[in-house]
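Both complexes below contain subunit A, partnered by subunit B and then by subunit C.
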Partner chain A sequence: MGSLLTLQFLFPLLLAILLLVTGYISGRYLERKHYEHIIAEETRPGQVMVFPLRLPPPSLSPPETALVMGSVVISVDYFKRFIATLRMLVGGRLNSYESLLDRARREALLRMRAEAEAMGAKEVFNVKYETAVISGRSAQSQVGSVEVLAYGTALIGKD
Partner chain B sequence: MGYQNRQPPEGINYVSNGWQKDFVLLVVGFFAGLALLIWLAMLALGWSARWIPFSWEQALSRPLQQTVEPDQRLRYLQGLADDLARAGNLKKPMTITVHHQDSDVVNAYASLGGHVFILEGLLDEVKTEQGLAFVLAHEIAHVHHRHPLKATIRQLGFGVMMGLVFGNTDIAQLAGAGGQIAMLNYSRDLEREADAWALAALQKHYGHVDGADALFQWLAEEKADEAPPQWLSSHPDVQARIERLRDISREQGYSLQGKVTPLPEWETASSEAAPPTDR
Partner chain C sequence: MLLSNLEIVPGRRVKDHLGLVQGSTVRAKHVGRDIAASFKNVFGGELRGYTELLNDSRQEAIKRMAEQAEAIGANAVLNIRFSTSSLTQGAAELFVYGSAVILED
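Our next item is the complex of A and B:
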């Protein structure tokens, strides 16, 4: 009976603590790595330039345009959700979700630039973002996933 | 050409190391606050038990009311319980109803409405009337101090609070498990309170407290390696309870030496057929 009692009380507690510790360590490590990667890519010389302008200046008018896009699907993890749940009780910035979405947006833009670069473009105009929740909207669902899509018009030169 | 993309500054759309700070602040701060709140609520709820009349408890526990014809053994247990209740000055409108359960688990418990359950296993292992009387008095003490009611109110209140604060989330489970462990602390306090009352009742009834710790001695010998660590247990550590009984006896001047009578033999069909409890 003693061991049963121990298991009954300790199991959920130990499981949660294990998940939280794993989440904290891996989340910290992966986020740092990811930001290092994003910043290195963004500042790499010769990157395709992106502009939110709807139309390119006439001087740049190219012979060919193409739709380019970059998409990222991210999922909230147990740990980030745990912090967010606590945060929602007291209010304030949901830091754990903010950094996640920031990384997703920047990663999506980088992927769009990579696509444009592969197609031989030097600039992308009319860049827009879309965000769609693709799972986790119902209360029962355990984790939520979000797609961040960046798209624009690549100007492909003819040289 | 004059166009260029500048690298935007960091830390505007997100707080750098934000969630790490959140984690430490929120987890520590929030759970400390919650623990304080629950502690206060539990105190208030336990305290409020005194305003609930005993008749409500009896009404709630009506389904426990016995219909079987009491046999010799039950009459003996009921008689002993009534003697002890009188010796311990059980609060006035309260009554004790003893039940016997055919289970070889060595245990006894008190429920709402003054219903005390003695399990067959206990009668097999405790050989003396004083040993049994202490367990019985201990359960009567739970009734006297309204412990079953307090525990029920606390459990209900705790459940409602968890539901209100967290709803159906992981944190509710986590806090629930933590709360249960904290609840065990209350439980241990109640056990100590009951031990003291029971010892006083025994001294009053027999004129000594010799043999009162018979069950604890048995537990210490037979079940020592099965016991969970104290913080996970609803009862205090057995060895500590034995020592505490001795301390109380010394402080209150209870006599530690006296005549110990063996349990009487009773004729019941079930006691003959009871399985061996040699575990």
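Our next item is the complex of A and C:
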């Protein structure tokens, strides 16, 4: 009787706690590393400039144009998803998802900039974001991962 | 084929508008990647497999749009927009559209 009780109740409980702890530790570590990477890249001098303007200003020597894009799919960890589920009971700010989307947007923009830089561009105009929720195959997984695409038109100077 | 999400091409005039062109693709993730992704759902972080998959699919959609534009005799597609919708669980549609134009040389 005792062993049956262990199997039925204790095992799922232990598994959940284990998942929460690993999610918490690895999620924190990965997020910190990612933010360090993002900030280092964003503050690097000589970056491609990004404008959400519809039209570039007219110039004497018209540049070449090319479509550039960057995208990333990021997932939250188990711990944050758990916290978000609790938060949804009372409502309010979902801190854990805010940082997920912030990281995804900034990373996507950085990748677009890198592509533009590789083409020798100095500016990217008409930058747009596109966000999509990528749901897993299993029904029990909720929001979890999100894809952000950043795209725009790179102007490549001819001189 | 010139692709741009601006409404104009700096320094070149649009000779003729040929209307809307579009390309789309629906992709499902394969099971192996889904299993890897479900581990990542515990740990958090980037799902590289999905990023690659969606990028490839998006290139495919762009290719289809460019082919359609070429078929009607355009030499550029302007004002390109992307759109992603998740159809069912495990599949996503990537859609790209723009206006096909003929540019003056």
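Basically, the second predicted complex is superposed on the first by the 144 of 159 C-alpha atoms of A that agree within 3 Å, B and C clash if a C-alpha of one lies under 4 Å from a C-alpha of the other, contacts with A are read in each partner's own complex, and residues count from 1 in each chain.
Simple rule for what comes next: contacts are C-beta pairs under 8 Å (C-beta built on N, C-alpha and C of every residue); 3 or more make two chains touch, one makes a residue touch a chain.
Just so we're clear, the structure is a prediction, and the values are computed from it rather than from any experiment.
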For A:Glu123, is the partner it touches subunit B (first), subunit C (second), both, or none of the two (neither)?
-> first
Subunit B versus subunit C as contact partner of A:Asp77, first or second or both or neither | second
First, second, both or neither for A:Pro62, with subunit B first and subunit C second = second
Regarding the shared-chain residue A:Ala40, is it in contact with subunit B (first), subunit C (second), both, or neither?
-> neither
Of the partners subunit B and subunit C, which touch A:Val50 in the superposed model: first, second, both, neither?
-> first
Kindly classify A:Ser99 by the partners it touches after superposition: subunit B alone (first), subunit C alone (second), both, or neither?
-> first
Taking the two structures together, which residues of subunit A meet both subunit B and subunit C?
-> 27, 59, 78, 80-81, 139
Given the complex with subunit C, which residues does subunit A contribute to the contact?
-> 19, 22-23, 26-27, 30-31, 34, 54-56, 58-59, 61-63, 65-67, 69, 71-78, 80-81, 107, 125-126, 128, 130, 132-139, 141, 144-145, 147, 149, 151-153, 155
Subunit B residues touching subunit A - in the complex, by the definition given at the top = 1, 3-5, 7, 10, 13-15, 18-23, 26-27, 30, 165-166, 168-171, 173-174, 176-178, 180-181, 226-229, 232-234
So, in the complex, the side of subunit A touching subunit B is made of residues 1-3, 5-6, 9-10, 12-13, 16, 24, 27-28, 35, 39, 42-43, 47, 49-51, 59-60, 78, 80-83, 85-87, 89-90, 93, 95-96, 98-99, 101-102, 105, 123, 139
Counting only contacts in the complex, subunit C reaches subunit A at residues 2-12, 29, 31, 34, 37-38, 40-48, 50-51, 54-55, 58, 80-86, 89-90, 92
